[in-house]
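Listed next: structures, encoded as structure tokens.
Two complexes, one shared chain (subunit A), two partners (subunit B, subunit C).
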Partner chain A sequence: MSRKAKINLISISLSLAATLIIITLLLLLINKNPIEIFSIIFSEVFASGYGIGQTLFKATPLIICGCGLAICFHASLFNIGAEGQLNAGSFVIAIIALQIQDLPFPLILLICIVCGFVISGVFGLIPAYIKVKKDVSEVITTIMLNFIILALINYFLVDFFAVKSTMRTQELNDNNMLFKLSEFIPFFKGSSLNASFILAIIISVISYVFIYKTKFGYRIRAIGFNETASKYIGLKTNKIILISFFTGAGITSLVGINFIFGYKGFYEAGFSNNIGFTAIAVALLAKNNPLGIIFSALLFAILDYGGLSINQLVPKEIMLVVQGIIILSILSIDKLVTQYFERRGAV
Partner chain B sequence: MLAVEFSNVCKKFGNFSANENISFGIKKNSVHCVLGENGAGKSTLMKILFGMHIPDSGSIKIFDEEVKFSSPHDAIAKKIGMVHQHFMLIDDFTVAENVILGNELTKGIEIDFKSVNKTLGELIKKYNLNIDPHRKISRLSISEQQKVEILKLLYRESEILIFDEPTAVLSPVEVAEFFNVIEEFRANGKTIILITHKLNEVKQISDKVSILRRGKLVHEEENVNNSMDIRTLSSAITGNATLSETMEKAGVQENNVIVEMTDIKLKRENVKILNGLNLTLMSGEIYGLCGVEGNGQNEIIDIIAGFENNYEGGYKNESENISLVPDDRIRKGMISEYTIGENIFLKNGKTNFISQSTLENISKEIIKNYDVRVSDTNSNLGSLSGGNQQKVIIARELEPGNELLIFSHPTRGVDINATLFIHSKIIEERNKGKSILLISSDLDELAGLSDRLGVLYNGKIVKTIDSQELKNGFLKAGDITSNDALNVPLYEQIGKLMIGITN
Partner chain C sequence: MEIITAILSLSFLAQMLRLMTPFYLGASAANFSERGGVINISIEGFMNLSAFSFALFSIITHNVTAGFFISILINIIFSILFAFFTVKLKINQIVTGVGFNLLIAGITKFLLVLIFNSSSNTERFEGLPDFTLLQSIPFVGSIFSDYITIFCFALIFISGFILFRTKFGLRLRSAGENPGAAESLGIKVRLYKLYGIMISGFLSALAGIWLASNQNSYSDGMIAGRGYIALAAMIIGKWKPVNIFFACLLFSAFEALEITLQISGTDLPSQLIQMLPYLITVLVLIGFIGKTKPPAADGIPY
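Let's look at the complex of A and B:
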């Protein structure tokens, strides 16, 4: 295990180094000063409590969604449908929260978490069921379900729930919101960082224990490594695939807790801004390790927030290029490093 | 003239010496067997010869010319060819397409299939390969696929042919056919290198053997007029001379029927696979099932394991849980990425949570009780040798103490020591009163262990041989090193039944 961890660490560091080099070259190519740009990003993100708070705030949904995806990925299910799944759950969270505003806040939160989890989970269960029964690739079904879910939400939102001439629901009462961390830690003053960040860390720890320390986690990963063998070993592979897809997709709904209870107080069409896709990269970068996902989510949050700060100098879309390069280099360098160690070390 | 000459070849992986100062020659126009246990270094040596590994020191000469290979490409250019244990074929391509892949003969921009087919036709005829170049690989049996691999080497005009355990997957009749092809090669001036575990085959076909043990060359012997002594070979391989120890079987109490299959019929994709199969498994017995692969063995397993429910006929199973040791350990038997402990916990874990130290303790216990040889308790199962992997799989399946055990090719590709250990475990379970179904293509193994033996052909048991007949017809139980095994009349009879000859 520790050897594996070492190999992972080396390959991730090498990939990040490669990305840095490529980006430097790219900036030079378009005649910008890389040092200037890197230092702006650095000072914007790290120089103030506000910057750090905003970065952690942006990392929150990525951690949550990344952990959900990691569970799917461990079962070798390439879930590309997180964007749809998390929106379905978040939408339902907002709708239900508005209906039960008079209940005590902890109860509202609990009901919303359960309902959101189930709704997102069910939308994960559909492609998993089709895969298990008819062997249809989940890549296709999940990506198609994204369109269906988002269109359905738009329909319900516009026709029934939206505030007139907007694309959002009504707002929750102020006393039904999660606390901001700046209330306790003045350092983060002004940032939107809220209690959801703590929730995200808890989810990450629970996911880690679930995947690596429980019997069920061992079974999920076994299926991911070798489904045929798992079947012959006597595992109920179909049931495990369904449960892990339900759980993974369910977790993505909690992204809505951050946005609705921690930030805006309502659901808004397009709020997720492709978190469901970015989280794929976040999970990949961390090799699907939920604790690692905290760090890779932070990296992507730095890129995201830092991107805003350099918008006058270079288009902030350059950060998307950075994300793409990270994924490509992770995938290619990982193979090289693993091969190198196998050739050197294995018997 | 020497076709291959190894001089002081050394190869280390980390601290482990896979090959240590190996020097020997392989004569042109001969059949040379390389023997040794799993992990003795024979695969490493062959991979060096085929350019897949680069030796740390030492030199190799091919036809008196010193060579340095950095990839199989270089070896192929020097007319070396290798048939791997796991075939490298593309299922959706035809025989001809597979053979020419990488060596396509073109006419303009098109592949010149006309002359390809002509060349292939000549080769097939010359070496009696009896195979249709237009058929798809997915429709060929294992032995036919092997012929395609051979054809590939011939098409590339290889002069030195390396075979890695070529007979492990073949039935006795197919083995005889394979040996005819080998004889034909020798007659045509080719050099053949065989890696194998089956000593009576070595005696039958080889001109010379080289035996490796723990990375060193320990024994070499010429086989003049098939005079080799199998006992000498096996003690050189294992390093000890006491091999013929056999386990006594306790008296059978054949009263409880555990599994009963009556007139089972099964179709898959409109092909009839089981055609009225009758099979009864009793407690306290080992029921051996022999037959050419693809005659319904896998489907019988699937029904008993509960993977297949769309059959007709009567099926009763008194055992709640079954233990299954599948035929293909890498693909079906284990999670290569998991440690020993993790593989055991996966199936037998009684708690929902597990700590690293508990897993380590499970590993240690299995290593001790099942004689698994491993340098690091926490290494992945995939990095162990085949015999040790198989011991772990058997440990996992025996630990729960289920009433019904299925062993499918339990010692395929496993060395002699591990084979003996696995056989003793199987007999031990039988003596505890367990019901055991043993599927194998190794007649020696079946004969040595089975209480009853069924011959499977075309989805049906065509003959059941009872224990008395087995005792009279075969040699001592478990004596896998017997010199005369191939000459027993019952073997011949079974061999014929397996391919559908009933007279």
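Let's look at the complex of A and C:
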């Protein structure tokens, strides 16, 4: 194991331990038995195939979105706009799928994936373009675009596409849905886990190879490491920034595949439930490594699903607090650990 | 036609000026932090936190004054924590901001259910006392009807004075423009960054308190992006107190327009009006309405 990997491992474990301690203290503070709470979560999540299936199902969008963000983050592009980007793509996926329902299913899926990818990607290109042309930080533009996109979708949804007195589009035919994994693996019986999970794993592997094993991925990381130096050694930094933002944002649209083709069959306002922001934490915890993102997404999914199981005892919203604490502890502990090793001259 | 007369009325103007309060407080909060060189995108979170803690402690103690001060205190503690992350540990300011926003959203949602048994709102409480001195004057009285709004208008001049006419302001700005040079002149740059962030926490607390007090309760999601609009106003206002005031006025005009449209029940799409502040901001950033320039060392850890 390289030094860097070792430091990463130490800081991730330390921050998870710190989170656990803080949460235990928090539970004690509000007079609950932490051991009871943890064991309920554990048994609910891991004791049944249904629990595991639901957890994997909840991890799916986080893996997808986390990988998209990781590509941006590797180029040091702070994409805070995933929430808007993924909604734009998902909305278009739902609309197009409705128009082409009669085509063979694989073709529908292919067209939707491409269209969703392009739409989300274009909404990623806008801040990237403004960044390279006008030297305006992508942080503010992506935040603003979130609001713009969500308002636009709301407008189109309410005025044109929504089923009357709802905030969702029409439902797709049953035969136009992805298969549930429980059809092949009875173990997952009853859970919503579907083929999108396989898609998420594939995306994660492809992203990993893309970032760490291709020339282009190397260039992305070079820019993230030092943009000026990259420019001097002749890299077309602007082009690389545009492409990585397009690709990263495009990937987030596939969150919609899970929800629309794998779960509900329609687009619904607010379906994403802040996945675009939670995924920032997921990518951060995994140090932007797409394979690591699978595990950090699983952790967040356990928190999400586990929260439901303890809702009788503690409001499930405590898991949002846990997520927040995880982010801040990984940020701070990572820095402290790195500084410690630097002082020892180990890096 | 009715709408046009409604917009041209004095009451619309008064409403617009009052609605400006949280925007201007939030934008000034962001400005004091950025003048010291620290980007604070968790203004939204800070406003949320103070709105909640103000409601919580006002209800628990049956005393809005206590709620007021406790809420400010909590915000300042959080802003010191924010400074610990961004100034002491030099962690990326954007990521820290996202983290704080998520954590605070989590804390408020959790405590809302835990204490008030509701996922949507607290019980109602008596807001801050009104400012009664000017009440009898027709137009002016309806604008300056509470202490925070009055302070907000005074802040236009106070913040300009502090930033550009005092030693403190000069040092704060030097920390945001050229920390290396400032340090070499013996200015404790990090301390000034901390001060900037603490002022940021204080002002955003006032913004949150104003919103909760006006609504006489706290409800989940009540900040509704105002913290981000405040950031936008700061950028469009080019980090200058008076310009920020006009940017905030523009955004509060949209909010007042939205309310007027909703009351009159026209079918002008309100979503598109909601979108305008953000769209304008992007257009300004692209450079359609003049160039904006942040403090030179904004966002760079020192």
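Note that the second predicted complex is superposed on the first by the 343 of 347 C-alpha atoms of A that agree within 3 Å, B and C clash if a C-alpha of one lies under 4 Å from a C-alpha of the other, contacts with A are read in each partner's own complex, and residues count from 1 in each chain.
What we mean here is this: a contact is a pair of C-beta atoms (placed from the backbone, for glycine too) under 8 Å apart; a residue touches a chain by one contact, two chains touch by 3 or more.
Predicted model only: the values in this text are computed from it and were never measured.
Undergrad: Is this a clash or a fit when subunit B and subunit C both end up on subunit A?
TA: clash
Undergrad: Does subunit B (first) or subunit C (second) touch A:K215, or do both, or does neither?
TA: first
Undergrad: If you count the residues of subunit A that each partner touches, which comes out higher, subunit B or subunit C?
TA: C
Undergrad: Using the touch definition from the top, say if A:L145 reaches subunit B (first), subunit C (second), both or neither.
TA: second
Undergrad: Does the superposition put A:G234 against subunit B (first), subunit C (second), both, or neither?
TA: first
Undergrad: Identify the partner contact of A:F225: answer first if only subunit B is touched, second if only subunit C is, both if each is, neither if none is.
TA: first
Undergrad: With both complexes overlaid on chain A, does A:D174 touch subunit B (first), subunit C (second), both or neither?
TA: The answer is neither, since A:D174 touches no partner chain.
Undergrad: With both complexes superposed on chain A, which partner does A:K335 reach: first (subunit B), second (subunit C), both or neither?
TA: second
Undergrad: Which residues form the common part of the subunit A surface touched by subunit B and by subunit C?
TA: Overlap of subunit B and subunit C footprints on subunit A: empty.
Undergrad: Which residues of subunit A touch subunit C in the complex?
TA: Answer in residue numbers: 30, 78, 80, 130, 134, 136-137, 139-141, 143-145, 147-148, 151-152, 154-155, 158-159, 277-278, 280-281, 284, 314-315, 317-325, 327-328, 331-332, 335-336.
Undergrad: Going by the contact rule at the top, pick out the subunit C residues touching subunit A in the complex.
TA: 39, 41, 85, 89-92, 94-96, 98-107, 109-110, 112-114, 119, 225, 228, 231-232, 235, 269, 271-272, 274-275, 278-279, 281-282, 285-287, 299
Undergrad: State the interface residues of subunit A toward subunit B in the complex, per the touch definition above.
TA: Where subunit A meets subunit B, its residues are 1, 209, 213-216, 218-219, 221-222, 225-226, 228-235, 344-347.
Undergrad: Applying the document's contact rule, which stretches of subunit B touch subunit A when the two form their complex?
TA: It is residues 13-14, 16, 18, 305, 307, 321, 324, 326, 331-338, 342, 345-347, 349, 351-356, 375, 378, 383, 396 of subunit B that touch subunit A.
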